[in-house]
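Shared chain: subunit A. Partners: subunit B in the first complex, subunit C in the second.
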Partner chain A sequence: MATIPLLEIRNLTVEFATRRGAVQAVRSIDVSVAKGETVAIVGESGSGKSVTSYAVVRILDRAGRVAEGSISFSGVDLVAANETQMRDLRGREISMIFQNPRAALNPIRKVGRQIEDVLLQHVQATRATAREKAIEALTRVRIARPEERYDAYPFELSGGMCQRVVIALAIACQPQLLIADEPTTGLDVTTQKAVMDLIVELTRERGMSTILITHDLGLAAAYCDKVVVMEKGQVVETAAAGEIFRNPQHPYTRRLMQATPRIGMSLADLLTEPPKAEPAPKTAPQPPPAPTPSGAAPGEAAAGQPLLSVEALVKEYPRPATGAFLARLMGKAEPEKPAFRAVDGISFSIARGETLGLVGESGCGKSTTSMTITRLIDPSGGRIVFDGTDIGAIPARQFAASPQRRRIQMVFQDPTDSLNPRFTAERAIADPIMRMGALSGRDALRARCEDLARLVGLPVELIDRFPHQLSGGQKARVGIARAIALDPDLVILDEPTAALDVSVQAVVLNLLEELKGRLGMSYLFVSHDLNVVRLLCDRVIVMRSGAIVEQGTAEEVLGNPRAEYTRELLTAIPHPPM
Partner chain B sequence: MLRMIGGRLMTTIPSVIGVIIVTFLLTRVLPGDTAAYFAGPAATPQAIAEIRSKLGLDRPLPVQFVSYVTALAKGDLGQSLTTGQSVTADLAARLPASAELTLAGLLLAMSVALPLGVLAAVKQGSWIDHLCRVVATAGVSLPVFFTGLLLVYVFYFLLGWSPAPLGRLDVFASEPPRVTGLFLIDSLLAGHFETFRAALAQLILPAVTLGIFSLAPITRMTRASMLAVLGADFVRTARASGLTQAKVIGTYAFRNAMLPVVTTLGMVFSFLLGANVLVEKVFAWPGVGSYAVEALIASDYAPIQGFVLTMAILYVVLNLLIDLLYGVIDPRVRLEG
Partner chain C sequence: MNDMSKVDPAATPALRLDAPPATSLWSHARHVVSENPITGFAFLLFALILLAAILGPSLVPYDPLASNTNAALQAPSTAHWFGTDQLGRDIFSRVIAATRLDFTIAVASVALVFLLGGLAGVSAGFFGGWVDKLVGRIADTIMAFPLFVLAMGIVAALGNSVTNIVIATAIINFPLYARVARAEANVRREAGFVQAARLSGNSDWRLLLTQIMPNIMPIMAVQMSLTMGYAILNAAGLSFIGLGVRPPTPEWGIMVAEGASFIVSGEWWIAFFPGLALMIAVFCFNLLGDGVRDLVDPQRRN
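== the complex of A and B ==
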């Protein structure tokens, strides 16, 4: 580009002081952003993409510092600028949008006041006009009823709404450069689309430049002019968005693209190399068939019947009572409000060896459904028939003691949060065996844990480590090993890869598929990522506000959706152009 | 709001009933015989028995309990045998003294601890952070009777700056007309500045002693809570929006960090109110703590029961106030209330 770039990062190195000496989070990178340009910085966790942006705005942690290089923003040297100059630039010339919008807003200050703070700081409004201007800013990001929302606290708003407020905050002073750091991670696809469209529209309108930091190649491709790919603190490739997807140069870029689930590919396609000859098969013994509880023998006898059938399942939550304790005590209670129906009479079944995908946006009732089936909460109505037994009739409290407990297990969403930080990987895997398993003796337990570790591809030497000493992918494997430790028949996977990088996700998805075949399990796969569901699931259920909108084979539902809502979901997914 | 307060008060009724029963039983199982104590060392067994029946202590426990509760329902906490006054009158006279001392100590502690904790968190690892640690450690490791005596020795005995540590007012001053029972406030209300000065002079040393002791928990809690909040995402947003350091720390971080600090303040206050016996003893302060201890030594039941019950009720009220304060600070709490 002939013009001088608005932002020019040259040879930037950012160091963090740690107990083990300085660590370079970003190493000699060059990035430039022209006026009006939208640049994506793409990379997996730890690639240094966020650190780069923090260095630009100079909000690095105390331990971090720019060790080398220069950052110039319309002629101003941001590395050398003093704090007062920086403060004037932040929010007025360069502003940021963050991941996790609800946490990014002050929880105890009205959102309108937070926008006012920024306006007043940068002298864009006076005390008298601040309120009006803040409402104007809210209107600009299409918040309905902005006058009312001015007085709302972040906890009263949805995630998408909070992100709109953060955007309002960021563009309130009409900055020249907007840095969006994973602005839509954790938001639903339709919300993501709405938020991204809004950002792009607002920035185009004002001729602003944008840096979009993301791990999602699809998002980068759909919304950006230029893509910068980062790996381990270095820029490995910079190219125009169309170009990079058509003709990726660097092996890492290719790997990243390969690992991104897309239409018309199989699970194995996600992996760059064909799945390695697993270290497991030789030694991993096929665990003995699960000792089946009395009566209902799984397998041939009941082959015709589904493993699990859910009939007219209802889960209601009472609405918070508005009447005070005193009023209730005196019998002056107001008429009961109808309870909130999180799950509204849904029916479906899962066959043996089948993977059923449960798809929907947040609040649609998919988690409530999966928790009810896992028997962690009690249904309000309907039947949950598992292998001939109505397990819905067993209270959740007593289900832990039921022989059926070991046959239904769960893999949770966040691999970190779902592991006890004080348990080693071995202890975590051994936990269900110690409670429910027939194994006795330290050595037998250890041997079983090692087998399970091999089975899930976790290096055996790592099983004495604690969760914080393991990577995200390794923790996910521990979670899976724990779920399959008792040879369950049904495993409920609650967004098991949502917190993982795409390359790790690719490996974990393949592992899950392989384990299912090997151990003869059925999966209920809960997810909001339709591309992942397409790859892993045989059949799909789409849920919306507690009810099933559509169900059928994955091909039918995702290839040729009948329901309007499913179509809406599908079109909201950003696709890399390929 | 009023409904919530009402609801909260209702839920505390069972615990107050529990306190009544437990204190009644506890005072009865304590070793020591009230009748023998009052009859004196030379009394004959008959004399002791006579006193016992006069006090009603020879009746079965349930009967004693019923008469205690009946009196309580009329607001009568009984008669103190040591002072000869009704317990209600004694407590009414002494509680303001304790409250004034504790409040003054706490305010002093807060005025030092809050800024110190905030500064220590903002400039983590600097000299002020180390100072904060030293102050906090010193505050808890020095026993109050030691700091109290040291202060008296230096400021009264050596320097002569402060008056003799003999209660709330020196002998020449007269008590201000009673409104709140807090001398500082009452004297101001009445316009007796001389009395105000005298009361303040008496109050400073014991309040400082208490303040030094309660510095530690408040400083540490403020620092820890500020550190947590300063690492929060919304503080980063505020910084990235170019807000000044003062705005970020004052408006954004500090208010959010206040919640655990307020809880600590409540705990420290209720603890000090009843437990600063040592300070009261050193400064001859006529507070409730020393009153209860003296009654306990004399196996004088009524004052002990009255003291514990009053403390329990104060505790309930204090907790309610803290919860209301929570609601003022944090809108999320209001919703649940």
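== the complex of A and C ==
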């Protein structure tokens, strides 16, 4: 145990002035970070974990203020320090890594220059040595060919690469404390592992202390010494990382741990209490012969035929012309590059009542595939046969009028983005019914919307509200209600829980599973989260660079992967010690 | 905007959960005004202008057209608050009576340009391709002229009437609306809720009108408020140089023009008071912009 902690937060209360009076985002919390220690602050959205870190570096927005308590950093009182002192401390003694690395970098400045800026600001380098030191910093974060990357702009680098640059910026001045606010959210698992390994290694090397702010218990467990669990602005539990997982004290911690998907658990295990609705009839992992309840004529398609079969699907995007207009005019145009293939001839099928998982990292073509199947974009080649008809042949623009439209629906990744901010929940749910349903009359429509709301577990009183008056989980439910409003046969779930907290995710996943059984739908579940895929899917397809790497049943692919890439993905997931 | 009135906090007290509570339009308006008193001031001014436009002619003490040569060129007094002009007409009555005409020109031209420019811009941003190119080039062509000179040309060519002032004012504001609407629609074209609406079987035009248009209303409302001031100024400017409204119709621009020649001889009030009215109106609409945005944007209701 270190004698004097590097950072000591005592009885800290942070208030935000709102129109409904002062709201306490953080309520009398105590956190201490010893020299060289890595502390995780874990909590769900709104728990006040980010606000705490903002208070430490004093970058709270105008409405926020420290109402009570003290923050001392190696003897300096950060609450009382003036702005000049703070400017000096930020970057040199305490630095931060933010969630979105692209937003944290200036898009029109070369990354090397941006590192130089920090070095010069804190007199760590002179004009003469700045370039050399910046390249050194890039080398330290293991960026290949640092001399070349010095001249790169942020948009030329991948997300993981950008985060490395941000880390290079953060540690350029050898700070004593590094605050990483969700540094890997939005990055792929393999990139996440590389970035986290790098952060931990660099901070250990330098004896730096680190605060890792995250919603991911697995990540906190894998990389931190101590874990602080926050709920609704209060610290509910503080313990050593190993201890907290072996023996969680607070019920909230237990709930959080339970909701985190892990190997060897079932979907229902995620919930603390059993689902309120009567248990849904469990669907067999193999396609059940259950007829679809929708108006589709099941006579034509034989029972053995898959609901959807995708054959040699290709989606190409033309590359932007590289030769400038003038060059073309003067006959100096370069030969045209071949088009970029986002999806490169993939084939698969989905049986009735089956959940197929589509897994891959960003840029692998999984979203393009799902958008093509939902007929939002046109394929460049191949066939999409849905219940006997080649829907790929119908242009996307005309598909809205096709009778097949109502049978293929989608739940979107971001529940906020996918709801029109000016439509009430009811109007959003009613939209597909108004366009394609057979219902007429306001009362019938209202009744149907209320039924759907009940079905997805959305309190009926809330359906007159606008999206911004609903919580994330409630918005997700509205999105699901809209997708199932017309009893579709196939629902594409595009990372439906990626934007949700784990406890909400647990509820939504269970809801989806239950609805599938009740309404006899098939799912195409697109995700990057292998633990979630394991829970929900019967079969899994792993994609990389537009092609299928591996496909098979969920147990096969995730339990005993044949492809090297699948193994790589699996090992990159941080697991809480159990 | 019509669905806003449906939000009633009292209707759903039973289940709050962790969702932010709903607010009514009225309490929201009160909050906006209390947060920014200048907005309140602007709304007050706006109400006064509206009152003058609607009731003005029936409230004024003198007939704005009646001349009385005995009382010509009198300085402001208790009988004639703003004084009288060269024909002995009461300037106060004329300034108030002119509000209706100036206000109508501004509202009509802004409504027209909102329809034309807004729709063209939204289509350009949403469909892209040749629609975008066409709208862009039309806007560029208009922008290539000095705008006031263009307005003069249009009124001179189409004929000297109030309708043509409205049309000319709308045309010179077209690029502003088209560009703002285009940029906003372009951002939202790929938004999740637009894709979701597409899945619900909405056609392109329906997406445009029900999904995209309502969402760019906040920014368009600000734009409209700002151009209102500009439209009034433009109409007055055209009248000042003898286009559009003809004397003896009371109109701020003409009144300033008529009074201008008397300033040198010391009768400042003839041009001053209509000018002041003009300034207050433009000032009010410009201030209103921010307040309107705060009111119309549902996101700011918390």
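Keep in mind that, in the parts below, the second predicted complex is superposed on the first by the 542 of 578 C-alpha atoms of A that agree within 3 Å, B and C clash if a C-alpha of one lies under 4 Å from a C-alpha of the other, contacts with A are read in each partner's own complex, and residues count from 1 in each chain.
To be clear about the criterion, contacts are C-beta pairs under 8 Å (C-beta built on N, C-alpha and C of every residue); 3 or more make two chains touch, one makes a residue touch a chain.
Not measured: the values here are computed from a predicted model.
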item	value
Partner contacting more residues of subunit A (subunit B vs subunit C)	C
First, second, both or neither for A:S32, with subunit B first and subunit C second	neither
Touching partner for A:R397 - first (subunit B), second (subunit C), both, neither	second
Touching partner for A:P432 - first (subunit B), second (subunit C), both, neither	second
Touched partner set for A:T424, first subunit B, second subunit C, both or neither	second
Which superposed partner A:H468 touches (first subunit B, second subunit C, both, neither)	second
Touched partner set for A:I108, first subunit B, second subunit C, both or neither	first
Touched partner set for A:D88, first subunit B, second subunit C, both or neither	first
Which superposed partner A:R406 touches (first subunit B, second subunit C, both, neither)	second
Of subunit C, residues touching subunit A in the complex	3, 6-8, 11-12, 14-15, 17-22, 31, 35, 191-193, 195-204, 206, 211, 214-215, 217, 298-299, 301-302
Of all residues in subunit A, those that touch subunit C in their complex	18-19, 46, 374, 376, 397, 400-401, 405-406, 408-410, 412-414, 417-424, 427-428, 431-432, 435-436, 459, 461-462, 464-466, 468-471, 474, 479, 482-483
Subunit B-touching residues of subunit A, taken from the complex the two chains share	57, 59, 62, 86-92, 95-96, 98, 100, 103-109, 117-118, 121-122, 153, 155, 166, 169-170, 324-327, 329
Residues of subunit B defined as touching subunit A within the complex	3-4, 6-7, 10-11, 124, 232-234, 236-244, 247, 251-252, 255-256, 329-332, 335
